[in-house]
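Same chain, two partners: subunit A is paired with subunit B first, then with subunit C.
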Partner chain A sequence: MSGHYRTARAVGDETARLERRRLLTLFFIVIGVVLVAAALIAVFTDSPEPPPDCQPGTECGGPPGQPGASIAPGASGGAIPAPTVQPGTVGIRAGTPWKSTDHGFEFEYSKLWKVDTADGSRVDLVFQGRADAVLTVASVAASEASAEVYANRWADTIRSDAPDLRVDDREKNEILGPMIGFVDGVGRTYAGTWSSPQAATRPIGVSVISATDGRTTVAVVLVVWDPDDDIASTWMQYAVRSTAELVLKTFRWGPT
Partner chain B sequence: MKGARRSGAYAAAPAEGVARVALVSTLLPQLPAADLDAFRFALFGGFAVLVGLVAIGAYPVALVGAALLVPALVVLYVYSVDVYEETPIPVIGLTMIWGAVWGVVIAVAADSLVATPRIGGSRWGEIVLLGVVVPLVGLALMVAGPLILLRDRRYNDVVDGASFGVASAVSFVGAQVIAGSVGLFAAGPTPVGEALPWIARIVAVAIALPVIAAGAVGSAVGAFSLRYRAPIRDRDALGIVGRPAVASALAAVLLVASALAGYLPGTIPGLAVRLAIAAIALIWLRRTLHLGLLEEAFEAGIGDEITCANCGARTPRHTFCGNCGIALHALPKRSSRADEPPSGDAAEPPGAEPPAAEPPAAEPPA
Partner chain C sequence: MIRQFAVPPASVRPAIVATLALALISGGIAMADHRDTSRPTERATKDRGQVPVSGAPVSFVDAGPTPRRQAIDFELELAFPGREAMQAYALGVTDPASPDYRRFLTADEIGRRFGLDDEAIRRVTEWASAHGLTVGDVSPQRIGIAVRAPARDIESAFDVTLRDFVDAQGHRFHAPVETPLIPPELDGLVTAVTGLDARPTERPALTGPIAAGPAGGLTPAVIDRAYEIEGLRAQGLHGEGQTVAIVSLDTFDADDVAKFDRMAGTSGPRVQRVKVNGGFDRPGDGQDEVNLDIDVIRALAPKAQIINYESPNRSGALANVVDRIVADGKAEIVSISWGSCEPLRSSDGLSRMARSLAAAAAAGITVFVASGDHGAYGCIDQDRQDLRIAVDSPASDVNVVAVGGTYASMLPDGTYIEEAAWEEPLTGWAPGGGLSVEYARPSWQRGPGVDNARSNGKRQVPDVAGPADPNSGFLTVAAGKASSGGGTSAAAPFWAGYALLVRQLAEREGVRGLGALGPVLYTLAASRPAGELFHDVTKGGNLYDDAGAGWDYATGLGTPRGTVLARAIVDAVKGVD
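Let's turn to the complex of A and B:
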């Protein structure tokens, strides 16, 4: 193929079609309209705050816990003293069991979760419903990390993928009475965004509960993508977290 | 030729060197100097607005603005300098709309194909898919639209090819970011998150990612243009990187490296690597445009005296302005002029080899 240049059109005396002031006006109008439209979309797609579960003057249920044992999200109360675990404490067998070969604890998970990877001290469960979520149950020797330290470590791990991760102090995501296997612990919620290499950015909600029985420190970490999406008259993070509670309720610490 | 005689002067903006990392004069090469300033002001003014939005926590709005900043400038540029000449619909359709549509498709496909990431563990499957496969498929799609346009003999020079590649690439990247981030809007206008990492993200989305894609795709399409549309003797002007296969491979390396940089831990290392890749891509595109303009200069005859749109001085209608040294081909077109009686060298029949002229004074870089 022999080509030729279109030199006949290289006139050189033509100025740009848009005069500078007009160009800048047009540009900032276009950008302004887009930004306002984006802001309106964000406002109108924002999920409304859910009504409180417990109205004043009514008898309310709630997660089990001991007075003063609850730790609000974001609170930093220092290391949690190791509680005494009553021998023979068992949960309700209501799901598929999983047992740690390294630390002896075990728990059950519902059919909405499926084991992705596992080793002797950690298991990653992937949500099987209409949401993207990962539930990790991991453990270390108590001498290696307190509940507080282990919770912080997991927040840092997630922060490496979601650098804008920050404590989520919204009341709707608060963890009430954080405990694992009836052992009080540290409970925190975080929010941030998870970005792909192509900069596709999705919000995440993170719930971390960590507790120790004096020999083993365990963290239950739940990451939910698009946590504020509406689902079944509630929001995604709440719905997914509800399905993960079985892990906490059926958790049995290893033999002493 | 004061400007162009300076060794290493960039043919499309003689006041700047070829090896300079200059964003506006590279992505938008056909602008006169005065208009370059207006586009620079728009770019940096727009970016300042985005930083302000991040400062008040309006992350979703800032992300959309970042994704559209460079594409919006390119749209205005394409219109302002009349890149599409008499055929706006095919040119806009096969560059910006083509890129935007495929950007959305790839974003949706990637989202549905990637499994839920494992926290703090091995993610090799995801890395291969998003770090290698998606950039390579994206490159093929970004290049394909402009290549269809190059079949038209009106668009047979390197500047056109590179401009089409740039338009396709920035539209693809912008659409990909927005389509992949729609879930962010459900978190409200001011979702929870630290601001500083968002500044880095806005820099990546507004500057690094579109510049890398524009440099890689623009240079690759420019190489195709030179190889298959230029006279045979000019086809090696860009050296080995002017060969379409090599240029495509280099473009692929840049895009894959940029994607893999997204997996580097921490905010700053990934951004720094991407900005470095963007600088490489920008200089490559700049060199492609520069050499393309120089090669075309060998083809042109001398015509009537005109007023240079860049500096305002009188100069013969030729290849470079005798005063400022800009390549006259790197100035706005005007489709309406096609109806006017041509003068000087403008009367050549299509396909004819123009008479040889004295070579331009600008020295091509080694």
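Let's turn to the complex of A and C:
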């Protein structure tokens, strides 16, 4: 464009130069009006939302469109955009984490439990309180067992040491809304007598919850010895169960 | 593949009495045996020879006649000719289409408009005085008359026998062994004699404290960030000039509040106490609940004036306290973390409660109520074997905002990650939720998720949710000990504290009072995109129903996104939307 302009200026007559000046003047007036108008619009309309207040130590800039990523329309008056986190971010831990290397799931357990044995798909935790109890979290590929099958398989396994193991249908021990990591599953309670040669014969209470995300099937199995013993204002099995809830709540299924 | 199940090693018995005891606290609460003992009133058939009890039998020991000179506080429940009109008015004050919209009434106006006339009240008080009963306050809303009398005069006046009992926890209480008879002179004037049964009828919706809370519990700074309250703080909102009433069935030690302030870095007006039904001399079994309520509100709105209304835990106590709050007219935000399983309340008890709460709504008061801590099985903390599907009362009342609970996940600085409905299937803890069997669903309870496969035209619980899982619980101090407290007992004051900030924002913009917030919250949720005003909780459940998109039976509409929701509420109340 600039080359064409110079050429025209060199060859034009006075009338043509005057005409060009008028055009130039008009051009700058139009530009000026546009700039002033733009400035006025900028001044008298809402300014764009400020960038997220990314504080030190926080993770900012979640995926676009993620709920909570921006202030809603109509929000004003000092609203600060909500910081966002990447999917899968783990928050404040309420217990000690344990992760399955085979299936990728993880969970947290309270300090009342301690790892006894573990491998890539299973961990056995032993209760550290004044009760005898073992909590097992075990897993198989979903193609190997459904939640129902896996729960039954675990009951059969325990039955090898407690041949009289039977369903405990007492309301007080019923598992209400069985789930693992907020995935609904199956849950059953059993009662029986532990009669392993390695230990004295004692009554046991067994809670089995199993669930699957379609890739992995997980069982959470809690065995409590002397389950009906009175303890404070409740009974042993209930007391120990309360310490195992954290596993179910903090359970995060492996990546899809 | 399944391996051989491990035999527990012999060395699993280290002495950890203290830690196990902590874990058992929730179990102890679950086993508490509190039943509503409200009875049929007026000329009901007498059940001679037994303590009238709703629901299943309970264990207690007869400790003999109540000493005849023992002074007993109780209440004459007044007939209320305008009961239905008052409920209609309570709906009207929140309905922009109603001529009564935002025309809040004082307690005195409620009484004169809907209650007995002066002559009728005079007849009741004169009868009481003539029979040796000392007449106390007549509630200005004319719902009840407080009365005190020796046991012998009560027995004579109402043809009833009072005896003492000792419950399984060792608490001694007096109770009538027959239904009190309303004398013919009071026909049409008095509908019931309540409060003669001093057995605790309500229990706190409280879990924990536990040892494993995140960093000792949620602190004010963490709450501010997680629930996006920082935008309100930036406007200088900390509850200044606001007043909240806590309905308490116990009292607290001021030193605990001071310790909380030191630990949380908060400060504010001294917490006031108002004694109802005689109040308390010292903290009792329920002090954890009282402190949790105070501390959570203190964390949200530290500069607000907290008034702790304290009544002994007995039949009719919650209604008595609500009446007093409405009569005093000092607080427009109320928090209740006590309740009972709805089916175990008598219809008279529910009716009495409904009257008090309708009066509160007509007065422009928002009452936040814990939805309970046993999910869809509201009765199991009164009887572990009672697995019927039931909601809690007063959470099921149509004039309250019922608050469910969540398990909150966040970074240490409070950055919000996600929430799930708090759910513990092994022990039966979860936010109360489900369908009332008593109350119809109010017209304003509508929106995405509200109409669902279980809907049957009855009131659906809860309305909203707050953090409730003790694992993401609140910092609290009781009996000198700091801990992380949870349950929907924490979620209700969480909302009450938040509402104080909203009210302060409204007041700053020239709006006088918010009015009952339930209808506003549903209207806003239905008119905005999902997730805009509330964190929509879609994981977890109430042990029976799963949480899901939109409203659900565990978390209602969800938890607040503090600043944007506050803005929306104030605009709605101002008529901007």
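The rule we apply is simple: the second predicted complex is superposed on the first by the 159 of 256 C-alpha atoms of A that agree within 3 Å, B and C clash if a C-alpha of one lies under 4 Å from a C-alpha of the other, contacts with A are read in each partner's own complex, and residues count from 1 in each chain.
Simple rule for what comes next: a residue touches a chain if its C-beta (ideal position, glycine included) is under 8 Å from a C-beta of that chain, and two chains touch if they have at least 3 such contacts.
Remember, it's a predicted structure, so these values are computed and weren't measured experimentally.
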Tell me which partner A:228 touches in the superposition: subunit B (first), subunit C (second), both or neither. first
Output check: A:164 vs subunit B and subunit C. Expected answer is one of first, second, both, neither. What do you get? first
First (subunit B), second (subunit C), both or neither touched by A:123: neither
Does subunit B (first) or subunit C (second) touch A:195, or do both, or does neither? first
Which of subunit B and subunit C A:132 touches, first, second, both or neither: both
If you stack the two complexes on chain A, which partner ends up touching A:208: first (subunit B), second (subunit C), both, or neither? neither
Just to be sure I read the superposition right, which of the two partners does A:186 touch: subunit B = first, subunit C = second, or both, or neither? neither
A:147 contacts which: subunit B (first), subunit C (second), both, neither? neither
Touch test for A:155: subunit B only (first), subunit C only (second), both, or neither? neither
Check: subunit A residues flagged as touching subunit B and also subunit C 116-117, 124, 126-127, 132-134, 136, 154, 157-158, 160-161, 170, 196, 198-199, 221, 223, 225
Spell out the residues on subunit A that touch subunit C in their complex, using ranges where they run on. 53, 55, 57-59, 67-68, 71-80, 82-83, 85, 89-95, 110-112, 116-117, 122, 124, 126-134, 136, 138, 140, 153-154, 157-158, 160-161, 170-172, 174-179, 182, 184, 187, 196, 198-199, 207, 209, 221-223, 225, 231-234, 238-239, 241-246, 248-249
Residues of subunit C touching subunit A in their complex? 1-10, 12-17, 19-21, 23-24, 26-28, 30-32, 211-215, 225, 228, 230-232, 234-235, 375, 377, 384-387, 407-413, 415-417, 420, 423-430, 469, 471-472, 505, 528-533, 535-536, 539-544, 546, 561, 563-564, 567-568, 571
Quick check: in the complex, which residue numbers of subunit A touch subunit B? 1-18, 20, 23-24, 26-28, 30-31, 34-35, 38-39, 41-43, 45-47, 116-117, 124, 126-127, 132-134, 136, 154, 157-158, 160-161, 163-166, 168, 170, 191-203, 221, 223, 225-230
Touch list for subunit B against partner subunit A, complex: 31-32, 34-35, 37-39, 41-42, 45-46, 49, 53, 58-61, 63-65, 67-69, 72-73, 76, 79-82, 85, 106-107, 110-111, 114-121, 130-131, 134-135, 153-154, 156-157, 173, 176-177, 179-181, 183-189, 191-195, 197-198, 200-201, 204-205, 209, 228-232, 258-263, 265-267, 296, 299-301, 306-309, 315, 317, 319, 321, 327-329, 331-334, 337-338, 342, 345-348, 350-354
